[in-house]
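Per-chain residue numbering starts at 1, and chain names A, B, C and D are given in the order in which the chains are listed.
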């Protein structure tokens, strides 16, 4: 494959960023917006070409004996450390990166287009598009990374562009603090990622994904049987261990910590709800569809390595399962519609994590892996749809809270229908896409362990409940006073992406995903286990929707009663189980007051004080010995004589004794 | 003597001194300052190209452009010059910062003539230090660079300038007292009757017991200038009170003298003791890294924040040097370059902001992004460079350091590497705190709304620095190779590689 | 007796001739011609100085009077250094000496200065304690008269009385010690005493005698604890005399001290006086610095600074070899120039405005930039800041001190001395701070210094700048010391 | 009775100490000067007797003493002159008075 298209895929958004960033202030809003849309549109086309070439051309470098291969399009040295340990900037094509190329460019294009309407007339319109371009560049760079350090580089860059976009309304203090929080929390997680990389790269001597995971893949599908002992030894770092776990486990868990930060897993999830301070299209792009799944993508990327340490996979599963449940519960109680969607995102990403965590080669040939990627794909579409729909609502009523909405189905039919499709998809109702992917995940869970399956089914039910709670509260319930300006559907640049994504959400489930994306490149034929998994989960979803309908379709006191009845639990969930307060306590009270301030005090008073104290001592000493110079000549002679005698006496004593 | 290109790094500033002495008005002073610094920049750029050419052509001496001129024949003190990749990187850095510093002090007041005279005297010291390979000459230039600081801060500074200037001078001179003893000790104990550091390193004849005595002194001596904990306390006050260009030059270049010296003298000449005693200084510098960052979190004065941040970043330089391997060493030099550029950018911007708002207290400012977008964006870029955003210089330097440090398998080193890694989080905290407080949010002071954005000379100064920061960040391998491939053979022997 | 021996004493004879010429000119010339008295004497003395460099310089070690007197290139060199210093002092003092109050005594000033210089010559050249004592007293007593020179100033008298009483006391102590040395060795020749000391067992008497001798010479050098007169005398004496006292008298004493310790008691170096010297050096540097910290009177401030400088000079003796000796001489040379630059400024300001306090120097840069520039250079040089000469002299004195056999104690000594340089830098910078940093309105108005004072300052500034950077001075001194130093010329 | 060296040296030492004591305790400068003279004379005695008893071959000690006497006289003369000058200004010859330069 010629590298020109991949290079363009990376360079066009970067160029867009530079052009819009440097020349933006001189451009009109319209020119800047259309430039951005065209740029990303071109990238989208190129990405499609690349993906199609990869999946369908059947060229021997992409597929061999039915097994899809990893193919490095180009790999440029960027920074050499020692020996072969080199950071390279390259372009890796394999099933998941091709998949991500499609997802990112599609959503990004939709958001670019949508923003033409949504951000119309905003101050800093050009800047907004510049940041979008920067984000697209970073995200694309991340998914095509050929080595873990390239991934880390773009990982940081997406963090920064996320920071910039969350803080887009920089004059709003809440946006500023939200952006700061997002950056710092993910930075903290990245610390783990970095240390993990250090450990991994030191012992393996490489950053390259193909070297790290290739050996596992090359030795066949069943890791435990077929890998030669030598490979295991090199990957297990010769049995080095630390605090009871092997270093490989440590490395993998630490790397996963980076993923926990970006993908907002408990307890590093707190930034994502706040990140909704950014413009809504940004939330759709970054905080629903693309960046937040980077953590999932990271685990998937290193999946063969994780397979070597089941402890790490178990850890992922547990974190994912807890997060999924937690986020779903919180989502049931939120007022801000974007926050509901944010928590729903957290919950859905946790689904993907769990799915990866339970995946084993021996269980349906690594079904969990495929399911996770499938869900990533479908979720990106319907969650972007939901967010963009929410954006249209917010655009129409100028508020984020459902209390300001209600009965909107009459005023905004397109939004209503598309939003409903999104809700159905996420609730897992066939034939919408969410059903298929979620079903695969649940199958994988049940296959691994019944507990995971049951647990995740419950979460799926909760998902259906809170999504329809939201749906009813927005579109049904009671109509508030909208005044003279009745809400209406958004202009075509905003509606078009909605409709497009809704269509995708309707049909995406029928894609034979397993043919394209599996953990080892060999095709997997999806078959739905209707009796064991699908039917029960549909039933659960329908029941949950029914409950939501009962509670929220029309204005009634039931929700309040339920809230009262559950009391403390409801309050706690409403306050997101006080995670923010805990963090506030730790950062402000403990780190700021008990570490930073004492250190600053120590520096000013002890360290600085010692230096000043030395000067003070000299001054004091100087004053103390002042009487020596009394002015009286006889006292001078006393000192003289005493000095001479002492000099002689002490020397005599020392020399002769 | 004048056929050696290196000598012009001292000659040009001397001519500048003369030129400024003879200038009659501000315009002439500026012309001389800018023209001279451009000449220096050109010279270092030419040197870089020519040097790479020579290396590519197979010149494998540890130092190129060698020149020796006997000075004090009886003591065998010579004016010996020579450069390798590290020195060239430092020379390049110094000339860039001198140039941008000249632009940053475009409107210095009062006594512009004297200001530039002292500034250039300072730069003579800096350039002389980087080209020298004779211990005596090196030390002399080192001290030449220190003393103008007193007057520069004392006369043109702000705040508690007299106290700070005195503290800075005394502490740095205190460091150099240890250094002087160590250098004389090296001279006598090497027994070569030579001050040339290449010869001393080659012979490696310093008695091991004496190394254990002399190494700490040399390291502390240079470490004081490198703001090593607990000898860093001159840095916050000094930087806070210094005028813009001086802060730039001091944090950007002068503090690098410390790291450079630690590497070039302490470790290079006394490898045995370096191996034995590295752990002590590793602990100290490791503390510096985290300690500086934590301290920066609670400061309210912009310059204090930056000064503590410098403590942290320069601590990382010394930390990496102590890891005693090529990767970390490369990282240390890159960090010096990176920190020099970005901290100069920071101080330049702080000076520009201070010149407009007349305060450096972040509690009294806010929303500057709206008022002076250009400066605010530059500040943000500097901030991102500082917290290690890929694409800017900080990232590559820190990563090289971390990867290199992790290469050292000693448990203590590993533990401190991980502790040092934590600084990337803390750095993010304080940088974003400032950015959030200062640049973003609503405008704090309504009077600030009338303020203007950057003027052309301010733009020149900042753009130059930003381009350099980005250049290192985007093409790190060029700089890494410049540094790495020129580690002289001795150093590999020293480090056992 | 062979009178041709006197020819060996070329420099002394030259000095006597100059003295006589000045004396005769002063006595017999008309009142108008006397206005140019100092100019004429400077010309005479300048000629002598030039001759000292060109023709009067011995090429080898020569002795006279049965070895009581010796001269060699090293000795000629130190005398030349002193000559240069005296010449500068004389130039700087023209303005003061021609002032109205001074005019009746101006001849005496010159004559007394020349006589003390003669005494110092003898001190340096003496190889017998009798000659040494004569030289010492000839160098001390006229100084008391010089200190008391300003008849209508009370401080001048108090300073003089303190000086003469302490000086006589010190010479009594010195001679007491000497009598014991005589008892132990039976001779007052340096060489013979040294031979006896080398063969005898170290006795209490010898140690006490040595301590007394050290005290006696240490008084001249104002080593702590024999220094207490210094500050008062420096402050009370006329500024020209103070500058003379602080550089010339100190320089000659330092060299004499070196000669006595190494030539006479060299054999008991490590046993006895090495530690004495360590203690004295540490005390001198530290106490001098501590006192200097809080002085505001410029002359008193420089007095304490000169005490601590004496401690650094002593470091040259510790090395106990040619390198140390050369460093000591170079240090004296640089110290002469640096200190005289400072005194030149003080004198110029005192003559113009009568101000002597450091607080009066505030904002001096605004009114008198050149003067404050000279003062700053002097301070930097005294503090040992490159590229000024003081840095080189300090570096060499430390290198000289460490050039002997390496011992950790020596390093500790040098370290203490080095740490003391920080304290000294502090107070030197206080002066700079007053002149440059202060925002106050200047107390001292803009004035134009007298021509002679300006010449003096230019010369000293040239010295401060050139002596270090131009390496030939130190190279030359070291070569001479290596050739004719301890082994050749002095033993 | 044979007069031994010690019979001279001890009294001279006592004399020296007396002078020392006087110098340190008397407030009157003239008295101090007298004490000083006492000390110098003790030194002279030392030199003379040492020469006479231990090293009778040469006359070094004797000659030294001669010179020392002359020097002592010069010192005294000069000191007296300065004291008189001081007396003219302050009308006092006590050391306590002459202690204004200090610190």
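What we mean here is this: a contact is a pair of C-beta atoms (placed from the backbone, for glycine too) under 8 Å apart; a residue touches a chain by one contact, two chains touch by 3 or more.
Every value quoted in this text rests on a predicted model; they were computed, and no experiment measured them.
With centres computed from Cα atoms alone, the innermost chain of the structure is B. The chain pair with the larger count of C-beta pairs in contact, out of C-D and B-C, is C-D.
Averaging Cα coordinates per chain places chain C and chain D 27 Å apart.
Between the Cα centres of chain B and chain C there is a gap of 42 Å.
Distance between chain A and chain B, defined via averaged C-alpha coordinates, is recorded as 37 Å.
The centroid of the Cα atoms in chain B and the matching centroid in chain D are 65 Å apart.
Shared interface positions of chain C, i.e. residues touching 2 or more other chains, are given as 161-162, 165, 169, 231-232, 426. Those residues of chain B in touch with two or more other chains are numbered 170.
In chain D, 23, 32, 98-103 are the positions where the chain touches two or more neighbouring chains simultaneously. Chains that are in contact with each other form these pairs: A-B, A-C, A-D, B-C, C-D.
On chain C, the positions that touch chain D within their shared complex are 129-130, 133-134, 137, 141, 144-145, 148, 151, 154-155, 157-162, 164-165, 167-169, 171-172, 175-176, 178-180, 182-183, 186-188, 231-232, 235-236, 295. Interface residues of chain A, counted against chain C in their complex, comprise 615, 618-619, 621-623, 625-626, 628-629, 631, 633, 635-637, 639-645, 647-649, 651-652, 654-656. On the chain C side of its complex with chain B, the touching residues are 326, 380, 385-387, 391, 395-396, 398-399, 402-403, 406, 408, 411, 414-415, 418-419, 421-422, 425-426, 429, 432-433, 436-437, 471, 474-475, 478-479, 482.
The touching residues of chain B, when paired with chain C in their complex, are 71-75, 77, 136, 139-141, 143-144, 147, 150-151, 154-155, 161-162, 165-166, 169-170, 173-174, 177-178, 180-181, 184-185, 187-189, 210, 213. Chain C contributes residues 161-162, 165-166, 169-170, 173, 202, 204, 207-208, 210-212, 214-215, 219, 224-226, 228-229, 231-232, 271-273, 275-276, 279-280, 287, 290-291, 293-294, 423, 426 to its touches with chain A in the complex.
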